[in-house]
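Multiple structures follow.
Each of the next two complexes has chain A plus one more chain, namely chain B in the first and chain C in the second.
And then the complex of A and B:
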């Protein structure tokens, strides 16, 4: 309990630093996600449609998935040095596999006869993509994005290790000073962010899977 | 090859890449407007390929295909498809859309206003005998037979002149299939659409089609009415496939009114009666079961206008 009040006092006393760290944390997480989405959703769709592309791409990203997030950060360090940019790259790499793989699986799971009847009725390719393929792939895609979000929000903590800033700074400081209360200043908001994103995505998931649950 | 033809195949060939021989070989076929044509043949003989060339899901490798006198390559492909209903065995309903939304697919592409679309959807559900409270259900809440009814309604939503159907009742149990066949036959008679209907079920082909195409290895063996096919098979293959030596099958295809003769004596109480559009097969059954010398044939008002005896049926066999 002491630690909690200590953490609260610390936030009040250093409110500017706290909000700044939170802002960096959220910015870096969202940026990583956005980049991963922009790259991996089209790539995943392309893989689902072109079998020859899927084999090398899926192998690469599945391999990437096995590497722990801290290891990615450490590997980036000698290549890009420290700061926001290398941390962003590392987090983006982390966000990519679940989004890519689930987009691929989502599009692959669509029944070919559904697509045949869609084009047989004269739907254009764009319309099929928007009205048929995206909604049908959505449940799996959302699940992948959710995994990526939670992973990125949590791992953004580690970005502080390579000078990327964010809430992880408090955790490192707390650890090095043996001050549990300062550690909590970083840990509690990170946990809350992760839980909040879980909840938000659970709601979206429920919506996109409505037709499967009736 | 004029305007009374809905679909004309002119020496149409399809050879798939890397295939050693064509799946459809220089096929010419003219299908009249309003005809119900069934395409019959063993698995792999090219029925589906023939059908899918009409809406360009498969592009012919040679020859020319026209719809209502117009070369199908001159129409934008999506426009062509919107004007042709398409039904497949696997139905292919959109699982994330309600029944209503599924049926409204083509109206939505065509940008109809909501009221018109809704009216059309309700009309179609009634036509295919689906209760209107199914509107807001999802496909997986329906049985296979009901799903195919939705499939048919969806295909007809844009009021196409032509319907292409690839074994639409192939995956449905026998009892439900008979019901679907009867209902669909009614619909076709009511609306006079031109239907091209693939099946590998001989009985289905003869029952539904007013013309039957028999295919083998990519070529048409015979194009004829069901009765013509049964009584004058063009070759040994057709003979084998249609089982033309099957007397019952042949009797099934002839109506009582076509063969009846004038009454030789006035009708008596208790004599078996059939209506004019019943098949000779039913007549035979009555003759055998009721052990009567003749069966009376009634007109639409229920008045006996002719008779049939075993001798007449024998002559048919």
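And then the complex of A and C:
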């Protein structure tokens, strides 16, 4: 309890630093997620349509996922230096596999007779993609994005090791000083961000699955 | 299903074999098993490894728990008995653990810390080394020339144009930025970002920041492109490094002190800086550096 009030006092005394760290944390997480979406959704669809693509692409991204994010930060340090950019790369790589795999599975799991009848009704390829395939694949895709966003928000704390800022700064300082109040200033908002994004995507998930739930 | 049980049993077998190796290795000896800690930066790792090697050589069983998170993580581990000893700095003990007012006399600081630790925690400070690893602020030659910045007292007026690369603890410690601002006047840096210890000099040499926190025995400070700002008003207390050990451990076997004191006697500023440079600049393993040094000093055969 002392630690909680201590954390609150700390935020009041250092409000500028706190808000700045929070802003950086959210920015870096959202940017990583957006890049991962832009890259992985089309890639996942391409893999689902062109079977020969799926094995090398999936293998590559799954291999990248095996490397711990902290190691990625160190590996790209000589190329990209320190700060926001390398942290963004590491987080994007973390966000990619769940989005890619779930997009792929979402599109693969659509029954071929659904597509056949759509095409029989005279729908164009683009229209089938937008009106038939996307809505049917959406629940799995969103589940993937949800996984990605929670992982990214939690892992964005690592950015603090290389001057990327964010809430990890307080966690590292709190840990090395053994001061729970400072640690909580970082840890509680990270947990709340993760929970909040979980809720947001759960709502989106409900909306997109209205047909499945009838 | 069958495959996964196969893998599972394989893992179990491997774990059993590994743990068997671990427990056999020590052999039978009546000397107590010692758990040695260190903090998470080069110098502390080297010292922790030296203590471990010297004690192993003297016949003790040693378990290394090096690379603990930071000052107070190591301190809590020591208090609770998770480790038996770790290298600590007198100034850090004074200001951050005992939370006393800074002092400048090395002997006074050591005496106060030794007394305070004994009374409060039953922890013993063994004999200190001659290595004073004080903190300092470091900038590059380019920035120093551009702003005529060689003394910390000149920093507050140019700080708004400079980016600060902080290291863990620095922003929060009374002998870090907080105290520095109160003592020298507030340095309102353009930005303050946290970096891990290992990359702080790289960051300022690459121009990604302008000022960072140095430890005066850092090997990198031999680099002529780096300038250590003079602590012209004497803000920092002395930080002589010494092993801190649990009272109970020392009571069981007082001979431990002699082994560690022999190591400490060999260490002074120049030696420690050279050892740090071997790891940070010459990219040797800290364990090899520690071993080579002790062998050269005749403490290991």
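The rule is short, and it goes like this: the second predicted complex is superposed on the first by the 211 of 214 C-alpha atoms of A that agree within 3 Å, B and C clash if a C-alpha of one lies under 4 Å from a C-alpha of the other, contacts with A are read in each partner's own complex, and residues count from 1 in each chain.
Note that in this section a contact is a pair of C-beta atoms (placed from the backbone, for glycine too) under 8 Å apart; a residue touches a chain by one contact, two chains touch by 3 or more.
No experiment lies behind these values; they were computed from the predicted model shown.
Aligning the shared chain A places chain B and chain C next to each other free of steric conflict. Draw one line from the C-alpha centre of chain A to that of chain B and another to that of chain C; the angle between them is 160°, to the nearest 10. Contact with chain C, but none with chain B, is seen for A:175 once the two complexes are overlaid on the shared chain. In the overlay built on the shared chain, the residue A:124 is in contact with chain B alone; chain C does not reach it.
Contact with neither chain B nor chain C is seen for A:88 once the two complexes are overlaid on the shared chain.
Legend: residue contacts after superposition of the two complexes on their common chain; A:163 is shown touching chain C, with no touch to chain B.
Between chain B and chain C, the minimal CA-CA distance in the chain A superposition rounds to 33 Å. Interface residues of chain A facing chain B in the complex, by the touch rule stated above, are 111, 113-124, 127, 132, 135-136, 211-212, 214.
Considering their complex, residues 40, 69-73, 75-76, 96, 165, 168-169, 171-173, 193-196, 199, 202-203, 206, 208-209 of chain C touch chain A. Put simply, chain A touches chain C in their complex at residues 77, 81-83, 160-165, 168-169, 172-173, 175-179, 182.
Here chain B touches chain A in the complex through residues 55, 57, 77-83, 86, 88, 90-97, 105-106, 109, 137-138, 140-141, 151, 154-155, going by the rule given at the top.
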